[in-house]
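Shared between the two complexes below is chain A, which pairs with chain B and chain C, respectively.
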Partner chain A sequence: MLHRRIYQFFIIYLLGLLVLFSVKYLLDLSDYVIPGLEDLAQTFRTVFLRYVSDVVDTISVAVIGQVISVFMAIVVGVLGRQTTWFGSFIKVAAYNVQAYPIVAIAPIIFILFGDGFLSRLLIAAMICYFPILLSVISIMSEPVHDIEHFYRVTGRMRWQLEVKIRAFENLNKLTTVISGSATLAMAGTIVAEFIAANAGIGYSIRIALYQSDLAKILTALFLIGITLSVYQGLLEIAGYLVKKGWASH
Partner chain B sequence: MFLECQNINFRYPNGSMDVFHDLSFQMKTPGFHALFGPSGVGKTSLARIIVGDFNDYSGVVRSEGMQNLLYSYNLERLPDWSSVGKHLEKITPPSLRDRKNELIASFDMAETMRLRFSQLSLGQQNRVNLIRYLLQDFHLLIMDESLANVDERTREKIILGIKDMFPDTYFLYISHNVIEVSKFCREILVFRNSLKAPQVITVNGQDHKLGQTVSKDKLEQTMLEIMHAS
Partner chain C sequence: MNRHIKKISVFLFLFSICFSLSGIRVSEASETAVYRLKWLFNASVIGDIYADVHGHFKARGLDVTVKEGGPERDAIRELELGYAAFGVASADQVIRALAKGSPVVVIAQLFQINPLQWIYRSENLDVTRVEDLKGKVVGITFGGNDETIMRTLMAKAGLTEKDISVFSVRYDYTPFYQKRVDVWPVYRNSQAPILEKKLGDLGESVAYFNPAAHGVKFVANSVVTSKRMMEEQADVVKNFTSALLQGWEEALELENEEDVLKTLRQFDKDTPPDIMRKQLVITRSLIKPFKDTRIGMIDLEAWQQTEKIMLEQNQIPSPVAVEKVIRKPF
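For the complex of A and B:
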């Protein structure tokens, strides 16, 4: 899983570079617009360590934001699975709120909480929260009739058992959703840093943008991609281990 | 203890035709009874009306003296997070531990107790499912093709075993096998389509029990009655 994600990223990144250099040489663009390979390698060596530290900073915020989102989405999703007015309210609210581009309210968060850690965390968590919530609600609201029937008719069904059955039957879907939400959390954090924060790889990209330094941006993109691939690969492995462990006890 | 349905009228929501029109029958004695008829005549619908799953019907269902009415069907599954043995252990009341072992032996399922549900054959899955229902406290158990995919010999052994173990309990066995219902069931409700009146006709079966023999002529006679009724 992990190695597949990494080499898939390498292929995509190299294809991207290939397109970029094709454009450069076809349109005869200067090194100022698209740097040459030598410039790129030089910049890579110069900023590598600083950017690694920035990416680690960003992924830390993204991971914490994602953990908070997953936890909240599971709690609210479990409550929202019910066919009561409260469950319906949560579903309707989630569908409506997720339709709004969360990133558009980022400036309000920066105004209220400043340009530090908390703002980045909040935006990261909010961006990946609603997609996870909708998936959890959809999984938890769908009865697994073939399994649940016995427990219902014999009066053994408790909410814990219901959640356990539905989670177990949809573990692959849940793992995919959680793994996919890592991209959203990372994107949320980078967007937050890009808008107004004072740390992280998004902040470094913003500076590189002001300097029109594509080599720095390409270096940052490489580090973001490789880090995210490793993180998603690890999440998939964790999901696989959870399923294996659950099915064998 | 008896089961009675009077003038049941039922139509599926958005359905254009009645599934039941003035359907009535009575079952006054416990034992192994059958609902028999072609697919789509309403056997499962009636079963679900009896146990209270469907409420949008008119008419009266009386289950005098019966508190627990259970409906089981052949597509049910057990969760795969532990072995079927552990599942059975968990749902068996302490007073029925011996009964559980007896059922496992009589259903030829001892070898499969360490396996997970998904590792069993379809016939084994249906047998495990039936065992867990038989370990509950019930007065009526509806078995909707609960022995599908089980070979004939094992099915006979299981039905005779159930009749022997639960002589005072009501069973409603939904099956398409005319020989089986004729041989093992006490009363057979033969379903006809809703345009015919009466919609069900009760035929007496041979009610074959452990240690008895069945007269071939009588069995054929019952089968003919069923075919004639339908």
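For the complex of A and C:
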């Protein structure tokens, strides 16, 4: 699972590079527009360690943001799963907040929380929370008639059991949503760093953009991609183990 | 199925390449040209707008489309890709591009004084020497021009990072409003009048720290084109430069001020009229600081100093001999 994620990422990244280099050499563009292989390798060697540390910083914030988001989304999703006023209110709120561009909300967040760790965490959580919430609500509000019917007619259905049944029956979907939300958490953290933070890979990308240094950006993209692939692979393995554990009970 | 996907992928790839190539042909073969600005439409690009609106390009047989710039735009890249025939770029962009082999040529220097300066509250602070920044919180955009300039100023004054507290600047001014930062980098002719008014409304007065007054001349916006354009369509370049500089001359004439502001309002609908007027006055002082200044003139010494600074700060690996790509407009 993990190795597949990694080699698939390598294929995608190399294909991307191939397209860029084809354009570069076909149009005879300078290294300023698209860096050459030598330039890219040199930049990679120069910034590798610093960028690895930046990506580790970013992924740490993203993971914490994602954990908070998943926890909150499950709690709120379970509460809002019924077709009550509260359930519909949560959905409306989620759809609305998702539509707001984070760059417009960011200044308010920075005024309230400064431009350190908390702001990055909050933005990461905001970006990945609502899609998870909507998925959790959608999963939790869909009855599994075949199984639930038995408990309902025998009068043994409780809300905890209902949640367990729906979660178990949709574990694959839940794992996919949680694994996919890692990308959103990472993107959210990078956006936050890009806008204002003083650390992380988003901050380094901002500096590279100021300096029109595409080689640095390509290096950063490689490290972000590989880190995310490993993290998502680990999440999938965790999901598989949880399902296996549940099934054996 | 797989064969179809392969065929479609190859077709799309080739189509995109051909599309890019045709963009270059269209842009450079006819006398239509795209002129990519460095920033959004505001008072700092008034001459560019004025030349277009008042038909100076058309009068010279050119059909020029003036396009807004922005943080994600890079005129030099667009020149190479054929999306633009002319553009505005800062000197550090030009020097970086040269260091990476880009065939860029400078045809005019718009700003004679760099608009990038530092604003501070004048009640608590008086920065007449770089040493006055000692112990202060100084705003710097890491990776930006202001970082390079401030580091050069500090090195000249014998200051190190330990002597000041550096604050990483972002796009909003809250830390400066909240007095968490003492000096904040601003573009003197665009952001500064807005900040000045806001603080003025609160009874606070401001002053500016101008690096040029302390011996650091870091060239700002200049007009650029490609080497190929210069060699193959020298007449177009000449006509474009003349039309553009005529536009700037007229836009900065005092007697044209009302007409200029009216023109500007068509493009910049968000800036209040009083601020816009101030921006125009300041732009005039940066582009034509003296009565006899010829707009567009190249300050070669400042270009060489800019290159030297970038070399000293390892922003370029080796000298680029910037003087070789500068074509004086007169």
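Criterion: the second predicted complex is superposed on the first by the 243 of 249 C-alpha atoms of A that agree within 3 Å, B and C clash if a C-alpha of one lies under 4 Å from a C-alpha of the other, contacts with A are read in each partner's own complex, and residues count from 1 in each chain.
The definition used in the following text is that a contact is a pair of C-beta atoms (placed from the backbone, for glycine too) under 8 Å apart; a residue touches a chain by one contact, two chains touch by 3 or more.
All values derive from a computational prediction rather than experimental measurement.
S.K.: Superpose on chain A as described above, then tell me if chain B and chain C fit or clash.
M.R.: Fit.
S.K.: Which partner chains sit in contact with A:Phe9 here, chain B, chain C, both or neither? Use first/second/both/neither.
M.R.: In the superposition, A:Phe9 touches no partner, neither chain B nor chain C.
S.K.: Would you mind checking which one, chain B or chain C, touches more residues on chain A?
M.R.: Residues of chain A touched, chain B against chain C: more for C.
S.K.: If you stack the two complexes on chain A, which partner ends up touching A:Tyr231: first (chain B), second (chain C), both, or neither?
M.R.: Neither partner.
S.K.: Looking at the overlay, does A:Arg156 come into contact with chain B only (first), chain C only (second), both, or neither?
M.R.: first
S.K.: Mind working out whether A:Phe130 is in touch with chain B, chain C, both or neither, as first, second, both or neither?
M.R.: neither
S.K.: After the superposition on A, what does A:Ser22 contact: first (chain B), second (chain C), both or neither?
M.R.: A:Ser22 sits against chain C, while chain B stays out of touch.
S.K.: Could you give the angle made at the Cα centre of chain A by the lines to the Cα centres of chain B and chain C, to the nearest 10°?
M.R.: With chain A as the vertex, the angle is 150 degrees.
S.K.: After the superposition, pull out the minimum Cα separation from chain B to chain C in whole angstrom, please.
M.R.: 35
S.K.: Which chain A residues contact chain B in one complex and chain C in the other?
M.R.: In the superposed arrangement, which is not itself an observed complex, chain A uses no residue for both chain B and chain C.
S.K.: Which stretch or stretches of chain B touch chain A in the complex?
M.R.: Spelled out, the residues of chain B in touch with chain A are 51, 70-73, 75-82, 91, 116, 129, 132-133, 136.
S.K.: For the complex, give me every residue of chain C touching chain A.
M.R.: By the definition above, chain C touches chain A via 13, 17, 20-21, 24, 71, 74, 76-77, 80-81, 93, 96-97, 99-103, 141-144, 168, 170-172, 174, 315.
S.K.: Inside the complex, what are the residues of chain A that reach chain B?
M.R.: 146-147, 149-150, 153-154, 156, 164-165, 168-169, 246-247, 249
S.K.: In their shared complex, at which residues does chain A touch chain C?
M.R.: Per the touch definition, chain A meets chain C at residues 19, 22-23, 26-27, 29-33, 35, 39, 107, 110-111, 115, 195-196, 198, 203, 206-213.
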